[in-house]
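Notes follow once the structure below has been shown.
Per-chain residue numbering starts at 1, and chain names A, B, C and D are given in the order in which the chains are listed.
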């Protein structure tokens, strides 16, 4: 009972941690706060101003969509591409197709993601879409391998044979059973991958390769205002806290999900 | 002057570590290929030029003790100082001619002074005696001494081949160098001017953030080119002092005068009137600077000091824009994170222009290729310039054949007037003519100089004798006058 | 085993070949070339185009690649377009610091992550598990440079205990230089690894052979160290091999903040200045390192759990 | 007396798993716990180690080697002291109880060091487990042994502890009769050396062969105890075969199969097989001889084969290419049932889906039919509504059969479908299958229990190393076997009966390597 309660508590905390930044990101831009710009790193307003004299609170409200959107978008795209390739490679009965899908990605694995991202970022300046795609791209090979490995286990299990014996549909087998079996490893991976994506987007901005340096984006704010950290800490800490809250909450939720999907019986006691 | 505490007695000895913005593999030891501040600082420590620039960007003699011309400013005679190279050899006029020839070598295109010294006729130039050299120009130029003070004009030893073994006449003797990291040099005791006070000089490379940490954390005594935000942070503590050269560089927006909508002088004037310069200075420069007046070189020789400051006038600007039919139109502003404050000022400027009903869309480009891109692309962009003599600025950027004419300001009359002024040997007359040309430029040209940033250097509390002067001048980054208290 | 090694070697050669073509194309796709990068308003356009011809950048892409590749096969990485020095020297001078930094980080990370992972795994969903999870996760979610700035502000500027940068310092003379950079790099890697070890520990703890070993009277300590750990380490080791890339991202930030003249800085500099031979050389070294790392990880995993399939 | 269990109870929440169980284990004797699956055998045996399942509470008193392991308050601190040293447990599936990352020598020596430091007990244990004790063997990892060898390694592990009591949980599952006979002899020798054994098994023949004391459990209670005579009589399976040879319904010609691409290392060699409607073909052979592979070829699951298959004279392709009707008409029941169920869905739904997908029934009638079929097999609706992990092995095995039956197949392939069943359960299965046969369903029956095979089938194939070595009507094959292998299988099968043959020579040829 206690355990259960603890579980729900941690789900609650997780939802809260994810919820605050997501709500701010989604509904923030709708909040009609209009503050006259002041001087850089001044303490005017609730959270002071940033390096361009803009109100930090107002920036927080408008800066979440890109910050979270790019990271989430990148992971979603990486999973759409990598997950699909992985599932197809795992479920195909043609070895050539499997090899043809996996080997090229293997070749890409040692390609430093930094290089790819800087090239894309230099090539398509300050485009949120381009950066999202680049971050997604560097994640595709690992996601593919992960999904394929997890799906291969499931796809070669007698359950799938039994389902085929019952003439279950492709969707039923691959999205229903195999997809769900992949969910555990994916949930475990998702948390860290989102964290990495958030971090990757932030470091792209840190390097000045990302969004326009004046964009009202949380990640940009963090990297651009770090110089004024000691003058006006909130300009860095407030967006950083929101990002940390998001990734932390997300990981806690993923852990819970994992906890539920993994519970396999201990064979020996039966 | 020296910063208030010059009363303390200079002391000898010690090690000074100066940090500059690094250039990685781009950093060079060849004094004729320099382009970065860190290179310039290094070369200034080990080499010298014939002429340097004073705090008002006026030429002052260094290795050249004095000079005179033939009355037409075509043939120039320079008398050399009694200086010795680090290898013990005396400075002679042969060294000077060799250095100039080395700079002009067409096989090595990256020797930077090649274009500014293009009018020097080396075949007709000659040594008069061991300490006098005669340089002949293909066209008269009263500003020739200033050209010899430009970057990449250091005097090397006759026969100098291997740049990795520097031998100069400067106050420090080369010890070691690693590109992107450090150069170490020791005091040269036979320096012709007063020998340096510090014993050992390290010139190091690091990014802005690391420079700030290093000078605050006691790992460096001198940090070049600091931000206004850092100045604010540092002013809270006692360990670091900021030496600010007031209003010594320029931040501007540049409009291409041959492309719509800026081919219309009214539009250019409207934009100049729309600019809230004070706000730009307060925010982008964090108050560390002065408002600009659409001209380069405030406080320098030949700057027309009597011009009134341009004030913001949105109403008048709107009238002009309406006349030009530009209201509610969108214009792209090409910017890049190539230099501090570029994107910020563009963003802020877009807000200011929007007040008059013109939409300025800020489009960021590649930081590394920005300078080149802006020459050919876009209609309006960012521009910044370090300190240099006004005639040189004009030669580089505002003549029909100027290599860096980013505003596309190409007027035959202006070219002719400038050529005529350069030929005037009387300084007063020259100054008047320059003033006239600059007046035209301010009202009709494409340069919208909105701010004159201070040049900020951070030094440890122990460092004395650092001069608050514009970069590229004699006393900037000059470590032979500095001592550690 | 022999065929496996052979397959791996062939794959590695193909990977390196494809990779260098890819890197060459990627850098060629970037706007501007090395000559343009010298255009800092000190060289005139005319000088720049003469420079371009001199550097051979006006040659077609394919012939440039063929030249470069021919040299590499002969063991010559070429010369830098920017400094004119041999690429080998640039690689050599930049590799050292980063290598020391990474190794020092790993030397701290691995034991720490293993210890934390086991502690968390054995107390699955207990209070301690949640506490460690939250702390490591939070640490890993804070951007590197925020941690770096805070650490420097406290330990270097306020307390003056540790040097703030590597400027002018030498690692041999003062190993304390490593403390702050390693501390910054620690957070994320420890989090990633310890979570993998935790998951591995939990799986292993539920595995029947562990249950059976306990039934046969193997004491708890021994059970954890000898039976659980080797199996739990497998995902961790594989993660470690994959962490290399992540670590490099962090290393870059750390190098910038602490002015460490390292590998990541050289790579980004190379990209920014379009110094193709340098980028190629560095990527090649990096790729070889990554391949070796992965191979080592696979072999280690195979040693730890011999049943682990090698290639497929 | 090394073990004394009195009034043992095990409770999970409101559920009573074991109630008031008492028994003893005596030095040099075998005590057997028998009873239907789910009757609490494993739970009771694990109490000897002080081990309980998650959320399970123990009561009563368990004394092992003089230590009180369980008392009124549950497991005591003494439990840790008896594990290994006093009582060693060999689990139901010993294969997965071996650490894949450790050489067997390392594991064995570790146990030696823990329990008998300084003595050399490993060689003895290996000898008792019929394993070679050379360095080469000890340096191998578990995956480098065959299934039967792995079972003996697990035994050697338990023996290395030199316990006073050995607990064996279903040691004969999946063993062919020859291997099983070897096991009997090994265990007899151990008891002769003074070991007390607690044997948990469905295999009453094995119990008869070994046990001197028998405790019969039912629903967690002891319903009978005493000598082997308390064991229920083996139900007389009524012969159900029809010998009428009709035109074959399913036919396989020159079937060869392999696990590797391009037919390398074939597992089956040119098998010919035919089964008519209402007939049953039995397939027997040693473990690893290729029975499952043959079944999977027929079911269309194994795709690497050559040769031809016909259903009603029409070519029968692999499963992916079969039509819905062909799919429905040929059904297969897995040997490893637990793996063939989706862990996350209730069993009854999974069973009902066959009728929905293959016969187009609506969910409700399909479910009703599933529940009815399961009930016939002795699995209650309440049990079937749980997820697979909450069913015992025997219940799940019957659910797998029901899943196939719901297709109303014309050919039903049963791969060792009664291994986890007690005699009652087996009888229910046979009853259902007989009814199907009467309706014209052809059966292919794979099993190790020769008596059962003989009772069910009309024609028996004996497979060795992928080849048919003998075939004919069951009566002939079982009574007058021609082939040496058949002879040995038949002889070894009859353990635990008065006419049980003495094994003259131990089979040195161990089962094929997996």
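Note that in this section a residue touches a chain if its C-beta (ideal position, glycine included) is under 8 Å from a C-beta of that chain, and two chains touch if they have at least 3 such contacts.
Computed from a predicted model, the values in this text were never measured in an experiment.
Farthest from subunit B, judged by the mean position of CA atoms in each chain, is D. Centre-to-centre, using mean CA coordinates, subunit B is 40 Å away from subunit C. Centre-to-centre separation of subunit A and subunit D, using mean CA positions: 47 Å. Rounded to whole angstrom units, the spacing between the C-alpha centres of subunit B and subunit D is 89. Subunit D has residues 51, 91, 93, 96-97 in contact with two or more other chains. Each of residues 31, 208, 211-212, 256, 272 in subunit C touches at least two other chains.
Counting partner chains per residue, subunit B shows two or more touched chains at residues 209, 366-368. Chains touching one another form the pairs A-B, A-C, A-D, B-C, C-D. Remark: subunit A residues 3, 6-7, 10, 106-116, 118-119, 122-123, 142, 188, 191-192, 195-196, 198-200, 202-203, 206-207, 219, 222-223, 226, 229-230, 236-237, 240, 243-244, 246-248, 251-252, 255, 259, 262, 264, 266-268 touch subunit C in the complex. By the touch rule above, subunit C contacts subunit B in their complex via residues 31-32, 36-48, 50-51, 54, 80, 82-83, 85, 90, 93, 152, 156-157, 160, 163-165, 167-169, 256-259, 261, 265-266, 269-270, 272-275, 278.
By the touch criterion given at the top, residues 42-43, 46, 51, 53-54, 91-93, 96-97, 299, 301, 303, 319-320, 324, 327-328, 331-332, 334, 336, 338-344, 353-354, 357-358, 389-390, 392-393, 403-404, 407 of subunit D touch subunit A in their complex. In the complex of the two chains, the subunit B residues touching subunit A come out as 208-209, 212, 227, 229-230, 232-233, 236, 282-284, 286-287, 336-337, 343-344, 347-348, 362-368.
Only residues 93, 157-159, 161-168, 177, 180, 264-270 of subunit A touch subunit D when the two sit together in their complex.
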